[in-house]
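Each structure below appears as structure tokens.
Next come two complexes built around subunit A: one with subunit B, the other with subunit C.
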Partner chain A sequence: MTLDATPPVVDVRGLVKVFRDFWRRPTVRAVNGVDLTLRSGQVFGLLGPNGSGKSTTIKILLGLLFPTAGTVRVLGNSPRLVHTKRHIGYLPEESHLYRYLTPRETLDFYGRLFALDRATRRLRTDQLLEMTGLTHAADRPVGEFSKGMARRVGLAQALINDPQFLILDEPTAGLDPLGCRQVKDLILALAKRGKTILLTSHLLADVEDVCDRLAILYNGSIRAEGTVQALLKVPDAVTLTVPNLPPEQMRAVLALLRTQIGSEPRVDHPTLDLEQFFLDVIEHAGDSAAAPTGAAPTGRVAAFLSGERT
Partner chain B sequence: MRPGHAFFALAKLTAVEALRQPIVLLLFCGCVVLTALTPLLLLHAFGEYGKLARESGLACHFIFGLLVAVQAASSALAREVRTGTAAAVLSKPVGRTTFFLAKFAGVACVVMAFSIGAVLATLLSERVAEKWTITPQLAGNLIDWRTGTWLLVAPVLALAAAGILNYLRRAPFGSAAFLLVLAGLLVVFLVSAAYDRTGVRAEFDFRVDWRILPAGVLITAALLPLSALAASLSTRLATAPTLLLCGLVFVLGLLWEFWFGPAPATPARAWLYSLVPNWQHFWVSDALTGGGTIPWPYVARAVAYAATYTGAVLALGALAFEHTDV
Partner chain C sequence: MNASSADARPEPDETPWQLGRASVQRIAALAVLAFRSALRSRLLLCMAAMILLVTFGLPATVAGDGTLAGTVRVLLSYTLGLSATLLSVAMLWSSCASIATEIEQGQLRLLRVGPVRALELWLGKWLGLLALSGLLLTIAGAGTYAMLHVTLRRTAAAPAERQALVEQVLVGQRALAPRPDDVTDECERRLEQYAAQGWNPEVVSRRKMLVLLRQRVLAERATVAPGQTRRWIIDMPRALPASPVIALRIRLAPTWGAARPLTGHWHVGPDGHPGTGWNIPAPNVDHGLSHVAIPASWVRPGEPFSVAYVNGPAETAGAVAFDLDRSVELLIRESAFGPNLMRALLVLWCQIGLLCALGLAASTCFSFPVAAFFASAVVLLALTGHYFTSSEATDIMTMSTQQISRPSHLQTISEAVLRGLESMAAPVVGRSPLAALSDGILISWGRAARDVAVLLGLYGGTLAAASAWLLHRRELAAGSR
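The block that comes next holds the complex of A and B.
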């Protein structure tokens, strides 16, 4: 079965959302005629500048906002139905946590909302705390946390039900590069298990790394949509990467290229990815460091999320 | 999924979050300390025996209880909608009506815990302002300094113990302090009830004025429709307007009988009369003056009256919340 033949996880047609003031006068048209289809196993990126309607669209998919016009189906049902949400995980743009609860209490609470039994809640809580590097801070109130640490708790709560459809609104906001890499690894691991993921981010490189399809929103309308390869491909140019050649050989290669293409080829040295460089430095520094004060992720995806029997 | 599962998880969370808020602890301690100080500071000035202590305690219970109810309801709903925690919870398999009713249930639990403490403080305060009557001609008032001192010291010790628990075991200070103050009041009540003011062992409920209990139950019952109103208003309004409107309904409810009751003559007046709860039904401390009592059947009828209003206000609040963007 091809990807496009699978039933859509999200099916949105002609979605419009108009916000109104206290007197019911329209103030802003946040979403304007959006059509969107997400299929099972896709990692879909929703991009756009601030105020383009990304978060509004997501909140409508979750049944938190009411559409002014259009139809929305999530997992084949109305997003307002309670049982639809049993299979959805949601990380909001801001982490939105109860500041007087600890991470352990927070995860236990969300586990209860999904009616998970005590043993499962405890197991998943421990695994998620370990995955997000918060085991040592598990009993501190979330209100004391930095934005990045709160983000990790937010991510953990979004995963407590091992969701079939995961919505991540700016998942890497406030995270250090280590956390960003971990989130991307997690997204790829979940996609490998056939989970559907809807992702928004301002960090376009992150989206490029993990998404296989994306849409760009502007002023509430979709301006471009397609696979990442199709959208980013430059059809009339190719990149050749060769080992560092001695000057004589380099001159000969360039001369050959000049005669073949009729113009001057561009030559430069490939550089390391800054994210990879940063992670290498941190890994070496971590060998000699004392106990961390912030998050200390293990880099392992929680066993229940990677499909291991728990 | 069991239908009550999310409800109880949310109600518990609401109660725990409310108890951990410093403002709730502050209001609780404020109520207890003011109730405790009344007989110690004012008794000699007015010579009103236990009546002053009793009525001050009940008034503190009502006013501080109203503030606790509004604060807890507002932070459980208005603030959660504003900060986005409501959205985070409603993105899970939780219905809006379940969410709203569970929030109210959590707030109601906090109000009831507060009320237990307030009633204990009032019972103790009345106990401090002892009236001794040997003959009608030979009567006077004395202060039970022993009980009065413990009534004031118990909250201080409870706060210190909560601080130690927080330091040693990271127990959340707010909720630990609230529960320890409550436990402290209970211990002081149980011990002081068994001794006279000179420290001599007496029968268990020695000079405990149990007549205060139905008065306290009535005030607790009055706080529930106010909590429901605060929760319903909080689905659309912030804390300040919620407090203002609850205060307005409180004042109107005190005047309502004067304007429309007690037996409205026309259907229109009867309808208007039923719009706002008549708080006079719940403030009956005058009945205790001169040795009077409040009959329990009357208390049961008043509680039913409060429950009817609570149910009606909650139904409207749930309806409003069902159509609110979060």
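The block that comes next holds the complex of A and C.
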């Protein structure tokens, strides 16, 4: 079965959302005729400038807002049904956690809402705390946490039910590069297991790293949609990477290229990207560090999320 | 929510009050969360400290009437009453903040993204607040009980005074009220007089005039002139406790002087048995109250019992004014003080639970300050509505028929609203359990069960259903785009 033949996880047709004031006069048309289809195993990026309608679309998919027009189906049902919500995970842009609860209590609480039994809750809580590097801070109130650490608790909360469909609103906001890398690895691991992920981010490099399909919203309408490769492909240019050559050999290669393409080729020295450089430094420093005070992720995806038998 | 959509309608296949097996787990989780938040935010600690301060501090500062019974009454009504009032206000405000602040801060959004129905969410919050108020009320009750023991041990009092306290206050007695007087004919006669003077039924309705006239006639009958006799009939229950302890409690009008003795005597006995009866000299009156012990052999289960006050002659006696509502009561001891205190606390808990439900309902619709104002205003109107309606009644009866004008539509509507609130609040603001407790009146399991059913089941359930429906229809994330 090809990817397009599978039933859609999200099916949005002609979605319109008009916000109204107290007197029910229309104030703004936040979403204007959006069509979206997300299939199983897809990592879909929803991009757009502030106020383009990304968050409104997401909130309609979560059943928090009601569409003015159009149809929305998530996992084949209305997103407002409890049955549908059992299979959805959501990481909001801002932390909406209870300040007085510890991460362990937070995960246990949300596990109870999903009617997980005690053993499953305990197992998943331990694995998620380890994955997000919060095991050592599991019994401190979330209110004491930095924004990044609170975000890790939020991520763990979004995954407690092992969702079929995961919505991540700015998932890397507030995270250090290590956390960003880990979130991206997690997204890829979940997609590999057939989970569907919808994410928004202003960090386009992150989107490019993990998304296999994306849409760009502007003024409530989709202006571009397709696979990342198709959208970003530059059709009339090729990058050629060769080992470092002696000057004579380099001159000969360039001369050959000039004669073949009829113009001056661009020569550049590849560099490590800053993220990879940062990760190398942290990994090296971690070998000799004392007990961490912040998040200390293990870099491993929780076993229940990666489909391992536990 | 600062915006709404044109078709903000719930899906037809989603019912907000549909509860499944997993609902219990979710409701319990939400209740534990509400309780835990109160514990961690130090609300519980602060309230417990306040209650203990009131329980142990107030009796030291408030002087009673110098008697042991007076001190105990202060402890039971004022001390426990103030604790209950503090708790009511705190729980009303906490409930008003509960849902409203979670909507503002976004926590509720995260809950509604999960598989939580609106009713589960509402019930979870309510149960958490009920558990919290139950715990605090238990602390107040236990503190009062301990303070009572300390007071009894430390206060020097004559054995007779202690005995009277144990028999009249620290006890649960079933109060049998006399049959209501049939004053229909008298009211009709007076209404005809009013009609002759120009009473217009379109201005003040016949039904309303009869109610007002009834109040006036009963007030007149509560006063017994010299040489006259006032008689009450009390229906005895078919079953009495083994070896019943029975007493007659006489209550005079609040204007009766503390040291004024009664000048007549009492005649009591089974009704309808001429020649069978006993004369009792009028006992001492203490702060408008008087008690007479009635031997068990004088009463017959299931038969009416006659109580008559025979006033003295005009030369030696003056008019005697009895309390309008509770002039005489036959008291039958049925319970010890401890269980009666527990039932009083249960009734108080139901009342506070209803306040929590009201606060949560307001919190579902409005932001915190608006919800707090709205809920406080409803409580205030429900508690004071009868003052407005009764003052209007007094006005009508004291004005001449020419002075009474046709009420405006606004007056008619506001009177209807106040009367509606008054009748809705009647089960809540009826006889206070603390007033009954400090009078030694039994708060029966039947009354406690009725309050649980009416206040929590009927009223609380109605507010829960309405709030769940509103919460289900409400968009929780309108704002950022």
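Operating definition for what follows: the second predicted complex is superposed on the first by the 310 of 310 C-alpha atoms of A that agree within 3 Å, B and C clash if a C-alpha of one lies under 4 Å from a C-alpha of the other, contacts with A are read in each partner's own complex, and residues count from 1 in each chain.
Note that a residue touches a chain if its C-beta (ideal position, glycine included) is under 8 Å from a C-beta of that chain, and two chains touch if they have at least 3 such contacts.
Predicted model only: the values in this text are computed from it and were never measured.
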Subunit A as common anchor, with subunit B and subunit C clashing or fitting: clash
Contacts of A:H202 with subunit B and subunit C, given as first, second, both or neither: neither
Subunit B versus subunit C as contact partner of A:R140, first or second or both or neither: first
Which superposed partner A:F109 touches (first subunit B, second subunit C, both, neither): both
Touching partner for A:L64 - first (subunit B), second (subunit C), both, neither: both
First (subunit B), second (subunit C), both or neither touched by A:K85: both
Touching partner for A:S55 - first (subunit B), second (subunit C), both, neither: second
Touching partner for A:T27 - first (subunit B), second (subunit C), both, neither: second
Partner with the higher number of touched subunit A residues, subunit C or subunit B: C
Partner chain in contact with A:R13 - subunit B first, subunit C second, else both or neither: neither
Clash with subunit B, by subunit C stretch, listed 21-29, 165-173 or 255-263: 21-29
Interface residues of subunit A shared between complexes with subunit B and subunit C: 59, 62-66, 82-83, 85-86, 88, 90, 92, 94, 96-98, 100-101, 109-110, 112-115, 141, 157, 161
Interface residues, subunit B side, partner subunit A - complex: 1-2, 5-6, 9-10, 13, 16-17, 20-21, 83-85, 87-95, 170, 172, 174, 323, 325-326
Complex contact set, residues of subunit C against subunit A: 3-11, 13-14, 22, 25-26, 28-29, 33, 36-37, 40-41, 105-107, 109-117, 475-478, 480-481
Residues on subunit A engaged by subunit C in the complex (per definition of touch): 17-21, 24, 27-28, 30, 51-56, 59, 62-69, 78, 80-83, 85-86, 88, 90, 92-94, 96-98, 100-101, 105, 109-110, 112-115, 141, 157, 161
Complex contacts: residues of subunit A adjacent to subunit B: 59, 62-66, 82-83, 85-86, 88, 90, 92, 94, 96-98, 100-101, 109-110, 112-115, 139-141, 157, 161
